[in-house]
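What follows is a pair of complexes built around subunit A, which joins subunit B in one and subunit C in the other.
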Partner chain A sequence: MRVLGIETSCDETGVAVYDSQAGLLAHTLYSQVAVHADYGGVVPELASRDHVRKLLPLIRQTLADANCTGEQIDGIAYTAGPGLVGALMVGGAVGRSLAYAWNIPAIGVHHMEGHLLAPMLETEPPDFPFVALLVSGGHTQLVAVAGIGRYEILGESLDDAAGEAFDKAAKMLDLDYPGGPEIARLAERGDPDRFRFPRPMTDRPGLDFSFSGLKTFTLNTVAEHRGDAVLPDEQTVADIACAFQEAVVDTLVIKCRRALDQTGMKTLVIAGGVSANRRLRNKLEAALARQGARVYYARNEFCTDNGAMIAYAGCQRLLAGQHDDLAIRAIPRWPMDTLPPLGNPDAPKQ
Partner chain B sequence: MVALGEALGTALESGVVFLQGTLGAGKTTLCRGILRAKGHTGAVKSPTFTLVEPYQLAAGTVYHFDLYRLGSADELEYMGIRDYLDGRSLCLVEWPERGRGFLPEPDLHVTIDIHRQGRILQLAALTAAGEHILNRLDVKE
Partner chain C sequence: MTTILALDTSMEACSAGLWVDGRIFARKETLQRGHSQKILPMIAQILGQAGIVLSEVNAVAFTSGPGSFTGLRIGFGVVQGLAFGANLPVIPVSTLEVMALSAFHKYNLPEDALILPALDARMNEVYWGVYRAGEKNTTVIQPDRISTPEVIPTLVRESIAAGIGSGWSYNLGQGISANLVDVSLEPNAEDLLVLALNRYQAGDIVAVDTVELSYLRENISWKKRQKLRPESPEKT
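And now, the complex of A and B:
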């Protein structure tokens, strides 16, 4: 089965063609980062308009790259949620309509399921069951994954997402958007021993996160060291970036280990934009090796939003006989544990 | 900050409240207190990503806005801001300065200033309803 995947939930327009036999045939991405950089974050209305402009040309290009025509596509998968409703509507309207015109099934895919399954596109994919850490600008969640569609939320952020905390801390340090890569770059020159930021919610049991306090801690540290200037000196800014990143990474590592202990699983998948953070990957690899577990992640370009993960996730569900009716689906808030399991729908949820 | 929010939440019924203050000042924390007083027991997530989080509570509907990501104020028109400002619900608006011109005058304007490790809050009533809220406000140490 050959599936066209469309991703427009936030600020990236992603299109891909995935073939269940031949694998990923082509994928293209248009990033709107430049459009939003001036604002320090995604501007919803600008995002929708940009998706409208870019989506059709990207679909044409991706089909050409995959060396196939519309007639050779067997199904369409588009991101139905969660995300910005205007942005979701663009991919949904185009995806659902194309499927109608081509007389093939369409399916609305859960964006985070796409992320969670992105490591399946690698040559050495993880086996089920596993614990997944989903970390991006909009989400921070730990999920027990028994199989596709069999998800149990173990914990999540009670306030800011980890990626959002990176973006906002970067803004306080007058760094560019997106903040994650900027902080990571600066942190390399920072002294990890100069500041000690708290590891929120690690001193009590449970798998929930809270990153809002780190933001305030950053603000206070900046205020203490800037004197009469707008910002502290360059080295201090690097030291703060380093301390901030260490705090976020340590917190994520502690909770991942706890989730593996709690579930008795030996496989961790990290997905979403923050999973591209090298410090997080290295620290997780070291920490998990000590407890005989292994961490999997997607290649960098598939950590952030992309069409390939949507094409892959949609393909698995279409292959299992699932598909939507003629309605265009756009679901801004969509709990992942309400998704139907793959295969026997009567099978008990584990 | 949560305790003050709870006191404020007890005094508030419906209307529009602006919350102004820099990143990390404690706007969302204050909202958490207000929502808790209104009977919300779950998490209060930052609405930065989604712009607005709705809460259907026994005490009425509360909309928690965060306009941080707004590029220009006229985007409020596209997101259907008027549907939210129905007079019956309570609208908490963070970063209201980004929606200037497309937001109504608030009943209450809360400004949070950072003073070393602490915070200084100013509450200004801009309507009769706002004055009524401040009169009802019962803050204990």
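And now, the complex of A and C:
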């Protein structure tokens, strides 16, 4: 089965063609980062307007890159949520009606399921069951994954998502948007011993997160060290970036280890934009190796939003016979544990 | 055989219409929200009723603005999918122009009646234009624009046969003489079909890739971020 995947849930327009036999045939991405950088964050109306302009040309290009025509596409998968409702609506309207025009099934895909399954596009994919850490600008969740659509939320952020915390801390340090990669870059020059930020909610049991206190801590540290200037000196900014990143990474590592212990699983999947963070990957790999567990993640370009993960996730569900009616689906808030399971839960793994 | 498909989701009304050589098939519902769930089923119903498949359609017409931003994008998104998928040309039509023709029909106005459709754009602004409407066609007298309500009487001196649309709730009648006012009139796909057919016959069709929505409100007033330092530290 050959599936066209469409992602427009936030500020990236992503399109891909995935074939269940041949694998990923093509994928393209248009990032709106430059559109939103001046505003220090995503402006929903501008995001929606840009998706409308970019999506159709991107679909044409992706089909051409995949060297295939519309007749060779067997299904369309589009991100139905969660995300910005206006942005979701663009991909949904185009995706659903294109499937109608081509007389093929369509399916609305859960964006975080897409992220969660993105490592399946790699040459060495993880086996079920596993624990997934979904960590992006909108989500920080630990999920026990028994199979596709069989998700149990083990813990999640009670306030800001980890990626959101990165962005906000970056703003306090006057770094460009998006802040995650900027902080990571600056942290490499920082002195890890100069500041120690708290590791929130690690001193008590449970798998929930809270990152808003870390934001306040960052703000206070900046205020203490800037003197009469608008910002502390460059080295201090780098030291703060380093301390902030260490605190977020350590917190995530501690909770991941705890989730593996609690479930008795030996496989961890990290997905979402923050899973591209090198420090997080390195520390998780080291920590998990000590407990005989292994961590999987997607290549960098599939950690952030993309069409390939949507095409893959949609393909799995379409192969299982699931598909939508003619309604265009756009679900801004959509708990992942309400998704239908795929096939017979007792059947052997695919 | 000429077959035109038309759809409108620009406002609360959600409608689809199909012209097949003089026969009209249409569906219309008024919805606060949920256009995205209704529009494709409506299209499938009228195509089914007419016994037409999408590839037999000659062109797809739609209201390209002004209107609800999300509503316009739902309509255009559907048009993009259908037009690209079935390789069809499209006919974008002004929402206000369709409303002018709807008013002409609804109130049996005299041929060449001057109609001023206006939509509430919020933030004390309206989208508006002036059209001359007749049985089969409309002519633009004042092109669609966005302005404060106060600007309209300074640009419109003529007596208006009908003032229509939510913009008239700004009490535009104080500065403009209008024979009748209908604040609740909305566009519909049947009147859109009439205008679309004219365009189609005049060869006034375009490729879907060349179409831009006319939001009219282009300067979205979000505050740009102020950097603390003119040059950020990591770039020095």
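Here is the rule we go by: the second predicted complex is superposed on the first by the 344 of 350 C-alpha atoms of A that agree within 3 Å, B and C clash if a C-alpha of one lies under 4 Å from a C-alpha of the other, contacts with A are read in each partner's own complex, and residues count from 1 in each chain.
Just so it is clear, a contact is a pair of C-beta atoms (placed from the backbone, for glycine too) under 8 Å apart; a residue touches a chain by one contact, two chains touch by 3 or more.
This is a predicted model, so every value here is computed, not measured.
Peer 1: Taking the superposition on A as described, I'd like to know which of subunit B and subunit C A:F128 touches: first, second, both or neither.
Peer 2: neither
Peer 1: Applying the touch criterion given at the start, work out whether A:E45 contacts subunit B, subunit C, both or neither, answering first, second, both or neither.
Peer 2: both
Peer 1: Applying the touch criterion given at the start, work out whether A:V90 contacts subunit B, subunit C, both or neither, answering first, second, both or neither.
Peer 2: A:V90: touches subunit C, not subunit B.
Peer 1: If you stack the two complexes on chain A, which partner ends up touching A:R185: first (subunit B), second (subunit C), both, or neither?
Peer 2: In the superposition, A:R185 contacts subunit C only.
Peer 1: Determine, for the superposed model, which of the two partners subunit B and subunit C contacts more residues of subunit A.
Peer 2: Result: the larger residue contact count on subunit A belongs to C.
Peer 1: Once the shared chain is lined up, is A:P57 touching subunit B (first), subunit C (second), both, or neither of them?
Peer 2: second
Peer 1: Of the residues on subunit A, which ones does subunit B touch that subunit C also touches?
Peer 2: The overlap between the subunit B and subunit C interfaces on subunit A comprises residues 39, 41, 43, 45-46, 86, 171.
Peer 1: Can you check the complex and tell me which residues of subunit C touch subunit A?
Peer 2: Answer in residue numbers: 36-41, 43-44, 54, 69-70, 73-82, 84-86, 208-209, 212-213, 215, 220, 222-225, 227-229, 232-234, 236.
Peer 1: Mind listing the subunit B positions that touch subunit A in their complex?
Peer 2: 22-26, 28-29, 32, 43-46, 48-51, 68-71, 75, 78-79, 114, 116-117
Peer 1: Sort out for me which residues of subunit A touch subunit B in the complex.
Peer 2: Where subunit A meets subunit B, its residues are 39, 41-46, 84, 86, 137-138, 156-161, 164, 168, 171-172, 208, 212, 215-216, 218-220, 223, 332-333.
Peer 1: Can you list the subunit A residues touching subunit C in their complex?
Peer 2: For subunit A paired with subunit C, touching residues are 38-41, 43, 45-46, 48-49, 52-53, 55-57, 59-60, 70, 85-86, 89-90, 92-102, 171, 174-177, 182, 185-186, 230-231, 234, 237, 325-330.
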